[in-house]
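Order as written gives the chain letters A, B, C and D; numbering starts at 1 within each chain.
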Amino acid sequence: MKLIASNISVIRGEELILEDISFTVSSNEALIVRGANGTGKSTLLRAIAGLLPLETGTFSVDDPDNEFGDSTHSQLCHYLGHENAMKPAMTVGENLAFWQEFAGQPHLEIDEAMEMVGLDGLQDVPFSHLSTGQRRRISISRLLISYRPIWLLDEPTAGLDAASEKQFAKLMQIHLEDGGLIIAATHIPLGLENTKELVFGEQE
Amino acid sequence: MSELFGTQYFGFIASSFGVTLIVLLGMTIWILMTYHARRKALAKLEAAGIKRANKT
Amino acid sequence: MTIADTQNLPRGLTALANPTRFLALVRVVLPVLTIITIGLLAIGLWLGFSVPDDYQQGRTVRIMFVHVPSVWMAMGAYMVMVSGALGVLVWRHPLADVAARAAAPLGACFTFLGLATGSIWGRPMWGTWWVWDARLTSFLILFIIYLGLIALWNSMEEPAKSARIAAVAILVGAINIPIIKFSVDWFTTLHQPASVLRTDGPKLAPEFLYPLLTMGLAFLFLFLTLHLMAMRNEILRRQIRTLQRKAAREIRSANKAST
Amino acid sequence: MIALLKRDLKLSFRSGGGAAIALLFYFAVVVSMPFAIGPDPILLSTIGGATLWIGALLASLLGLERLFQSDAEDGSLDQMLISPTPLAAQVFTKSFVHWLVTGLPLTLMAPVFGLFLGMSQNALLASMATLAVGTPAISFIGAVGAAITVSLSRGGLLLSVLVMPMCIPVLIFGVGAVRAAVTEPDPFLPPFLLVAAISLFFAVIGPFASALALRQGAS
């Protein structure tokens, strides 16, 4: 499976933030998008996820063995933004149960996913009681409870300590080995092997 | 035209045309004023802009 | 909205897509429009005052020469906004939002005029300044819709994103106007049947019709002139905004370079 | 969608949920009316239907501002925009939950509050019927207003100004039906059915318009 981006340009507000960007990412591969703040890393991820209209260019998915039927590329994506997309008033278990039922294609069990991020046992704790690091890890576990081949990660390791970072790198590695692909916008090296780079802002 | 004045309806006709005149004139003047104000601001910015472009 | 995505526009509109060319066009057309407007206003007023009194309403019928055109233009302005909204959402025309945004204050003014002259016209006939009759009430609601849209535009920062959100608001307003009209008619049965806007053609004696239509045309050209000027102001406002943002960015990069 | 329905219902009754507050606000508006107008039952009963309806309108508008605001703030809105379920269906669900949490309780409590206003038996039944059929329209129209103002700073005030003109037909026919139920010659059914028609109309138009507004606001 491949995600192909051909001469993408996106306008946000009035400024042309992305101009004529093309790349391909195939299964078991990760694309690391680097560059200074405001050079369009998040814009690219939001554009792939379908949250931003494209001025020119298209995204297409090359799916040889027709594994995913006719769903559009944005329906094959998990988008992990700066926000955690969890309701503080509800408990962790309720939040994850909602997202598993809402997103469809259930993958890991909730307890299993929470164990993978090392937070097993917090099911009945209201989300508001968690620390920022724990909240981030719970929103990462959301990626595990329903299956999407493409992971779009915006500053995934923000708010994580060293141990959780290594743990998250392991999870990403497993996702790649399962035939998934990752596009991550980050400054900190993620410690993944098979990666490609896309650098913004420094070329000129 | 002459028999128009002095009738008790004169007040109403005058006031309705008066209101129309005031509102339409007011709108036109308001648009012209903003036009000139913005022209001046634009000119100032462009002038400053040009200077800044040379400096860096 | 770059110029690139307007190639699917009808030929004429593409030419207007570029703001600078539009400003040049405005500079040429404005004087002509102003002369026509003043001319029509003069003829209309002169005709209006030289016409004999109406047997029923006496002299106050002359107020109609101002009230009815204002009402027409109030609705006309909303039509311009609806086409602007469609221009933004369907063709993504860069000037569509400018046209819609420029038309709103004008529409609000004409609606206010329609209300003011309507209530003054009603005063001698019905004895009170405000009467809850169908047309005046629906124009009161239209006035609130206009003010709501103007408040919406003012509260939004980025013209590009706010253009599409405002366009949705305009279209939702447009869908509601017939419903509001129907409910207001049901709510009120007092107002005399609209003498001019009848389906079987104007009931008015011909000598009243000519001044009315002239004044109608005069108001139309007045609206067009003011609308073009308001659009020019809006384009200038956006150019100023872009320059200010560019200046801020240059200072930021200048600071970075110097630290 | 069912998941969204369950979650939003659960959320409304948790801390910060809109359910109880809207009902209390409704109670405050209705009870304050006799203090303003005086205890005379004849006068109160004539404006009873209107008070119940204006109270319901204001109480519904109160709860609408947070309809999409909370999702936008914590990032859920982005996930909703990406999910395969059509956005219009999600908006329909959220508006329906808003009606369940504010519109329905108001309708059920209307007869109780009507007693304070000295309304007759017919009037109480009529206002309950019209509110039951009319409050959904307010939720669906309000959802459009909420979607339009979600990305604005002080969206709440603007929401009411934008939504108020759209709710006037519902108000006119709603209160008209209540008055018709009391005064003999006027038929109750036509205005009542018109309110129902408006509700159904906005049940379809509202979600699509809101989805369009939400999608534009996301970029």
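What to note about this one:
The working rule: contacts are C-beta pairs under 8 Å (C-beta built on N, C-alpha and C of every residue); 3 or more make two chains touch, one makes a residue touch a chain.
Because the structure is predicted, anything quoted here is derived from the model rather than measured.
Using the average of C-alpha coordinates as each chain's centre, B ends up farthest from subunit A. Looking at A-D alongside B-C, one finds more C-beta pairs in contact between the chains of B-C.
Taking the mean of the C-alpha atoms as each chain's centre, subunit B and subunit D sit 42 Å apart.
Per-chain Cα centroids separate subunit A from subunit D by 38 Å. Averaged Cα coordinates give subunit B a centre that lies 16 Å from the centre of subunit C. The distance from the centre of subunit A to the centre of subunit B, each centre being the mean of the chain's C-alpha atoms, comes to 54 Å. Shown for subunit B are the residues in touch with two or more other chains, of which there are none.
Counting partner chains per residue, subunit D has residues 219 touching two or more of them.
Each chain pair that touches appears in this list: A-C, A-D, B-C, C-D. Chain contact summary for the complex, subunit C toward subunit B: residues 49-50, 58-60, 62-63, 66-67, 70, 105-106, 109, 112-113, 116-117, 120-121, 123-124, 222, 226, 229-230, 232-233, 236-237, 239-240, 243-244, 246-247, 250-251, 253-254, 257.
Residues 89, 141, 144-145, 147-149, 151-152, 155-156, 161, 164-165, 168-169, 171-173, 175-176, 179-180, 182-184, 186-187 of subunit C are the ones touching subunit D in the complex.
By the touch rule above, subunit A contacts subunit D in their complex via residues 12, 46, 49-53, 71, 74-75, 77, 79, 81-90, 94, 98-99, 101-104. Those residues of subunit D that touch subunit C in the shared complex are 144, 148-149, 151-154, 158, 161-162, 164-166, 168-169, 172-173, 176, 191, 194, 198, 201, 205, 209, 212-213, 216-217, 219.
Here subunit D touches subunit A in the complex through residues 2-4, 6-7, 10-11, 14-17, 70, 73-76, 78-79, 81-85, 218-219, going by the rule given at the top.
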